[in-house]
Amino acid sequence: MTLDWLLDPWSAGFMRRALVEAVLAGALCGALGCFVLVRGLAFFGESISHTIVLGVALAFLAGLPVSLGAAALAAVTVLAVQAIGAGGRLSRDTAIGILLPSLFGAGVALIALSEGYRSRLEDVLFGSILGVTDADLILAAAVAAAVAGALLLAGKELALVAFDRSTARAMGYSVRLLDLLLLGLVALAAVVALRAVGNLLLTALLVGPPVTARMLCRRFWPMVALAAALGAGAGIAGLYATWYFDVGAGPAIALAVGCVAVAASLVAQGRRWERRRAATAGAGPQ
Amino acid sequence: MKRAAAGSPPAIVALDLSVAYEGRPALTGVTFSVPAGTLAGVLGPNGAGKTTLLRALLGVVSHTGSVEVNGSTSYVPQLSAVDRTFPVDALGVVLMGRYPRLGWLRAPRANDRRVAAELLDQMGLSDRARSPFASLSGGQRQRVLVARALAQEGEVMLLDEPLTGIDVASQEVVLQVLADHCADGHTVCMTTHDLAQAARVCDRLLILDGRLVAEGPTREVFRPEIIRAAYRAELLSLDGETALVHHGVHPAP
Amino acid sequence: MPPPFDAPYIERALLAGVLLAVPFGLLGTWVVLRGLAFFAHGVGVATFPGVVVGLGLPALGPIAGSLAAAAGFTAAVSLFERDHRLRGGAVTGLVLAIALALGGLLLTSVFRVAAPVESALFGSLLAISGADVVRCAAVALVALVTLVLTGRSLAASTFDREWAGPAGLRPGRGDVVLLGLLALAVVTALPAVGSLLVSGLLVVPAATARLVTDRLAPMQALAVALCALETVLGLALARTLDIPPGAAVAALAGLGFGLVAAVAGLIRRARHASRIGAGA
């Protein structure tokens, strides 16, 4: 009995780099996703992952770093959602729903106008984790360090705002600043994950691990830790699938996340039915 | 029409009514009746089951025991339940009260519009008929919702906290309209927080605390020992103003 | 026909676009007023694996495949969204992400469909057949009749669901009608605009119309008109620049919203200023 098959994939340099990128992106998105989940911001995360494509396209045309353009568009999205919602006639949900197709459509149109369009578009949509460079890894590590630092410093404040906004405000916290911090961190993570799984599947990493963890944990911080571990684990599992079954890495990682989430939800649903049956049986015949 | 004479069948009859949400009892063993043509007030502390009682009378929650409402109902839910940003004007909201009788195929006719306009006039809002619902004050919105229920032309009207959080002028308009509605032979049943107001305007009171504490004509039921039992608090009366003084923490619902 | 509109396939695309403006404008109004934007986006995206499977299995076909996927998405979201711990569209996000991953995986490994990915995701002017135009007309007719008949009940239950139920307007039935029509309209529009940007046609024109009016019927009429205008201009742009039609239509719709929002903001500010001036 040998465990060669476990180590085989990592003999190639590009797979080792992909492993680091997948673990960093998965853990980052998993942990941040918990704040996204408890704040009810899933649509916002989905929207940002699409609108930054316009930033990527603009940065490419201007010859600037891609991550800079993506971060700029993430900021534009945050501000525009608040501006549209402030009018009072359109809900935040609608505001996000306006920005997603508008900016994403503009981004796709721009990419379609440039040379080498098809391959570039596919890289943006589904990621290109097997082509990760050392510079990408340095960016991912820096973002991971920044997000970890921010969560260590302001994690409990962010959790407080999620749980009880008005109390947090009454306690003297700047709720708006904390909102911006969270959205900024999500935007940073999105830039990293764009490389790993592409913009189409970013939501899987941002929403999947936290949803799974929420069904298995009762308290918040264990949920964050579990979600980070699940995100990293999905990255590793996805890369194994890529190596052995020759499937796209982005879809494989996203599908690993999805499988775990579906399994956890079935377990949770089963438990609930069990409890209900027990409650009815306990009440006895009337 | 005059108020229904004694001996005519009651508008609402509940026998041993119980409601539970996911195994937790909200209302247990409630038995009462409301004669036709009366204005009945439902009182009780928070979590006493006031809204649950209305929902049982409407038939939208499952219950044990029996509930009988003689005639069709119209309903005024709590003001907070409506979508204030919906693009509709005051007259449009009142007109919605006619929709159930129109069904899918018929459009509102001139008669429906006339009824809606008259009801708005009764509520003192004829000059706001074309104003967006969102632009009205809280009290004006509540008056529009009461007008919508009147447009349903049901025999029994159920209102959930119609007077909470609205200005005094609007409260007076609503109470006057409800009194007139009863005088026409209709039955009105409303939940309220305001003990003094309930004592002043209601013909009958129903006092709840997860179960029925007391029910009957106001002057028989509105007595300090009964109120104290329901609210677990001291009733204070100063120059006709009535106030509650709570002991310790609020009882858990 | 003048230059951008001079090929038979572009005539078909334009006809399909104008026909689809009816269901999209009307449905979009309800999507905006009921806060269903994420669901609308999700149901579009979720059709992607259905299209891939349908293209891979000719016996099934992309239309049946995408219809099945849309129905599956609607059922899954309705079933799991009742879990109060997973609010704010977490379920919608997760299900649509799984659907996309599945589509991507099937496309790259199982079916290896010849059709390029981007026409499934962003639509293609060439993909619209005569049968598609007939389907668009049928869906437009069904949606128009159904939404006119159920419009009052939908309005009353969107405005105040607590009241509509006891009043006998059956809000649950309205929900089913709305979600069913939404899935049908989205699937019909797939060849033209693709699965990723279909929400651009559903949400953006209706939201633009909401900025201009406080009344329901004018909002619906305006949404249909804007939807038709933006589709026609978007298809012309897509043909002229040779870019995917879904992207062109969505970007134009966004531009339209931005312009109307800016003008509406200026007007409001001017009115406000004149009111203050009159009061002084």
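Chains here go by letter, A, B and C, matching the order in which they are written, and residues are numbered from 1 within each.
Here is the rule we use: a contact is a pair of C-beta atoms (placed from the backbone, for glycine too) under 8 Å apart; a residue touches a chain by one contact, two chains touch by 3 or more.
No experiment lies behind these values; they were computed from the predicted model shown.
**Q** Given which chains touch which, is the overall layout a line, a ring, a star, complete, or other?
**A** It is complete, because no pair of chains fails to touch.
**Q** Identify the chain pair with more contacting C-beta pairs: A-B or B-C.
**A** B-C
**Q** Let me spell it out: compute each chain's centre from its C-alpha atoms, then which one is farthest from chain B's centre?
**A** Centre of mass proxy via C-alpha means gives A as farthest from chain B.
**Q** How many angstrom lie between the CA centroids of chain A and chain C, rounded to a whole number?
**A** The answer is 25 Å.
**Q** Take the average of all CA coordinates in chain A, do the same for chain B, and state the distance between these two points in whole angstrom.
**A** Result: the chain centres lie 48 Å from each other.
**Q** If you average the CA atoms of chain B and of chain C, how many Å lie between those two points?
**A** From the centre of chain B to the centre of chain C is 41 Å.
**Q** Where does chain A touch two or more other chains at once, residue-wise?
**A** Residues 89, 91 of chain A each touch two or more of the other chains.
**Q** Which residues does chain B have that touch at least 2 chains other than itself?
**A** 134
**Q** Which residues belonging to chain C are in contact with no fewer than two other chains?
**A** Residue numbers touching two or more other chains: 210.
**Q** Within their complex, state which residues of chain A touch chain C.
**A** Result: residues 37, 39-43, 45-46, 50, 84, 87, 89-91, 93-94, 96-109, 112-113, 118, 121-122, 125-126, 200-201, 203-204, 206-208, 210-211, 214-215, 245-248, 250-252, 254-255, 257-258, 261-262, 265, 268 of chain A touch chain C.
**Q** Along chain C, where are the residues that touch chain A in the complex?
**A** Within the complex, chain C touches chain A at residues 31-32, 35-38, 40-41, 80, 83, 85-94, 96-98, 100-105, 108-109, 116-118, 121-122, 196-197, 199-200, 203-204, 207, 210-211, 241-244, 246-251, 253-255, 257-258, 261, 265.
**Q** Write out the stretch or stretches of chain B touching chain C in their complex.
**A** Result: residues 58-60, 73-78, 81-83, 86-89, 92-93, 96-97, 99-100, 102, 104-105, 132-134, 145, 148, 152 of chain B touch chain C.
**Q** Okay, in this complex, where on chain B does chain A touch?
**A** Those residues of chain B that touch chain A are 23, 64, 85, 134.
**Q** Could you list, by residue number, the parts of chain A that touch chain B in their complex?
**A** Per the touch definition, chain A meets chain B at residues 88-89, 91, 279, 283, 286.
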